[in-house]
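Could you have a look at this structure, given as structure tokens, before my questions?
Chain nomenclature is as follows: A, B, C and D, assigned in order of appearance, with residue numbering initiated at 1 for each chain independently.
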Amino acid sequence: MTRYRWFVLPAIGAIVVIIGWMVFLSLGENLVYYLTPNEAVEQRADFPDGERFRLGGQVEEGSLMETDNGVEFTVSDGAHEIHIVHVGAPPELFREGVGAIVEGAWDGDVFRSDELVVKHDEQYQAPEDEGHPYEVPTDA
Amino acid sequence: MPSSPLVQLNDVAVRYGRVPVLNSVELEVPAGEATGIVGPNGSGKSTLLRVLATLLRPTEGRVSVFGTEMGRETAFSIRRRIALIGHQPALYPQLTLRENLVFVSRLSGHSEERVDEMLDLVGLAGAKHRRAEQSSHGMQRRVEFARVILTKPDLLLLDEAHAGLDREAGQLVDAVVENVRSRGGAAVFVSHELDRMLPLVQSTYELVGGAVIPGGSR
Amino acid sequence: MTGPSFWGQAYEIGRKDMRVEGRSGEVLNITIPFGAVALLLIPLAIGIDRPLIASVGPGMFWVVTLLFGMLVTFRHSATETVANREMMVLLGMDPAAQFVGRVSASFLLLLVFEGVLAPLTIVLYNPDPVSGWPVLLVVLLLMAIGLALIGTLASGITSGLRSRNTLAPLLVAPLSLPLLVGASQTYEALSQESSILTPILLLVAVVLGLAVVGVLTARFLEEASR
Amino acid sequence: MNRHRILGLSALVVIAIGLYFGSQAPLDQLQGEYTRIMYVHVPSAWLAYLSFLVTLVASILWLTKRRLVFDRVAESSVSIGVFFTALALMTGMIWGYPVWGTFWDWGDARMMTTALMFFVYVGYLALRRSIPDPAMRATRSAVLGIVAFFLVPLSYLSVLIVRTLHQGITVARPDSPIDGEILLALLSNVGAFTVVYLTFMSLKTAIARGEEELEEQSAAVDATPAGAAITAPNLEKVRDV
């Protein structure tokens, strides 16, 4: 093994640095595979009507409406709000206040989507208003 | 000259998976001599040759080549002094006979000029630009012997060296063996035909039941 | 007589491989047309939808490079007989140098493969132009090195086995995932004008790691192939 | 009591503890009862990574030390790892459907890398089956055991490298954003699964060893050297047939 030390040691060092750097980088910023409403509005020119992309954000309280063939709601990231017209049944856990990712395209000022998933982040928290932590809430 | 043997096998056993091929083989190959080993098909002759060539590490036992015991770290310099002519010619079919020899000469640190001289020696001067895949078995064998003359091994191992060769090529084998011996090296033949190699060898052994018996059927 | 140095040996092996390829023309006459046919068939299979075809173009190019390019790296198993390998060992060949030589030859052939198929993809699929496309040349380079490394390792692991023709692709296809991820992420990052550093570094890390493993295990694979 | 029995019993005990904590832990405010799938999903994924790490180490040890025990450990660990990878994938899909609304998300890097990791190690087992010679098999699969490990950190770190649906790294970060009791339940199940892994390993390596001994015995019975298995052809009969 000593014969190839001149190559092996620097290479392993470089790999360690790269992996460490990637981990460090990603702990700082949250990599997501969708655009936030703010980004979507800023990059509106890059995505003409019909150009598909993914959009993710918080479902605004009081914005959710059921339609004949899907749901309509508003997602927001605090900076901007976008109105979503979704075709298809939403997943079971979809409700107001959750993070949602939709896939579709702009249609004027609304975003028409046909894919809807609930994004769960790494926060695992018991309900805040629970009296006793072991008390299991009944599913609505 | 009864100096220390070039190759020494002590209690060597080889198993492929669970199938025993060689059992407690004791063998000494003296310098400056040619040794013949006979045995029927499938008796483990080729396996024995690979052990001698340090290509196959035996399951048990000790192998010492040129006075160096073979361990896990086989010195590259030892292997360079060994040549093996096996069943199948070690040639690249898409390359010409000359290109094959040039490849060998460059890998072994010899100059390219000597290649043409070697090809001339083995009688391939006129056919050297033919591709190996278009050459006969005999021609391919001649290239291999040109390789042996070029690399000057101290231990030459021959697996059925005369099989399928015409008279001229057979005499070439004899001459190459003579050349190795005259330089103080050793040659080991394995074959199922005793008659052809008998005039060339100083001692014979027989492979029976995975073991090597001295004398053979001389 | 001492033989050539490590790099000298690797050079000789690579030169020999290239010459064999020059004679047999396997990559040029068979593998590249095969990949081109695949590029032609994909739009037919997914339906003639121009924006869709344009958007899948780069991805299809990577997949074709991966699936057909790996055939380029499996050439050796046909030419390297046991007799040839044994001869090279007895000539004092360093297995790691042999590995480097083979990888280099496969790398050059994969560059030719990509060099033909990439323009073809652009012509056929008409993908959306991205700014900063010269970066993709670096990705092509890294992809070729990585694939050459994985393919050479896999053909070493499966050499001489009866099932090697199916086993080697089974090993290569999933193992080249990091390459595929790195390549497609770079393209995506370019088209979204976000940072390309992470995918490029991923490719570099994978290539370096494979090279280390390949060099360090070459001796063991050589021993286990006789 | 032998090793297997001690391990097996302690596995039962820790599984019971894991089940207790799992059933007592509060539910995530969003996911409700579906939180509990995590107590199988995360430990399975952990075991998959652990098994392949053990294989990596055992493979390197085989190449450097040449003791057959390392090969047995490498192989056994892959078999177990493949099983738990499949379990992680399946529980993930069952979890994903109600929570994300999809069994399989093509854009999710964690799913893709894990699935491909599964296939590489299936290939590892296939490779072993196609090599009869033990030493050759051990060496070649050791090289594969090292190369294949590339996909393990890639799968673990994929949530960092690529935009993905999976949540980020949850437990192994300084500001762990997880409820204390959920974390306790999760860690107790990870511990329980680890004991299960040790039990499986102990049994699997013992089986592998037993198989080798069995082969050895049958080889001892049939210890004819390869060449001696051939007898003279019956020439008289050949002429007359």
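The definition used in the following text is that a residue touches a chain if its C-beta (ideal position, glycine included) is under 8 Å from a C-beta of that chain, and two chains touch if they have at least 3 such contacts.
What you are looking at is a predicted structure, and each value in this text was computed from that prediction instead of being measured.
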| item | value |
| --- | --- |
| Leading chain pair when contacts are tallied as C-beta pairs | A-D |
| Reference subunit A; chain at largest CA-centroid distance | B |
| For subunit A paired with subunit B, centre-to-centre distance based on mean C-alpha positions, whole Å | 68 |
| For subunit A paired with subunit C, centre-to-centre distance based on mean C-alpha positions, whole Å | 35 |
| Between subunit C and subunit D, centroid-to-centroid distance (C-alpha), Å | 29 |
| Whole-Å separation of chain centres (CA-atom averages), subunit B against subunit D | 46 |
| Per-residue multi-chain contacts in subunit A, two or more chains | 19, 22, 25 |
| Where subunit C touches two or more other chains at once, by residue number | 94, 198, 202, 209, 223 |
| Overlap residues in subunit D, where contacts from two or more other chains coincide | 161-162 |
| In the complex with subunit D, residue positions of subunit C that touch it | 150, 153, 156-158, 161-163, 167, 170-171, 173-175, 177-178, 181, 185, 198-199, 202, 206, 209-210, 213, 217, 220-221, 223-225 |
| Subunit D - residues contacting subunit A, complex | 24, 26-35, 38, 97-102, 105, 107, 153, 157, 159-165, 167-170, 173, 177-179, 181-183 |
| Complex contact set, residues of subunit C against subunit A | 51, 94, 96, 192, 198, 201-202, 204-205, 208-209, 211-212, 215-216 |
| Of subunit A, residues touching subunit C in the complex | 1, 3-4, 7-8, 11-12, 14-15, 18-19, 21-22, 25, 46, 50 |
| Residue ranges of subunit C touching subunit B (in the complex, touch as defined) | 1-4, 9, 12, 16, 19-20, 23-24, 79, 81-84, 86-94, 223, 226 |
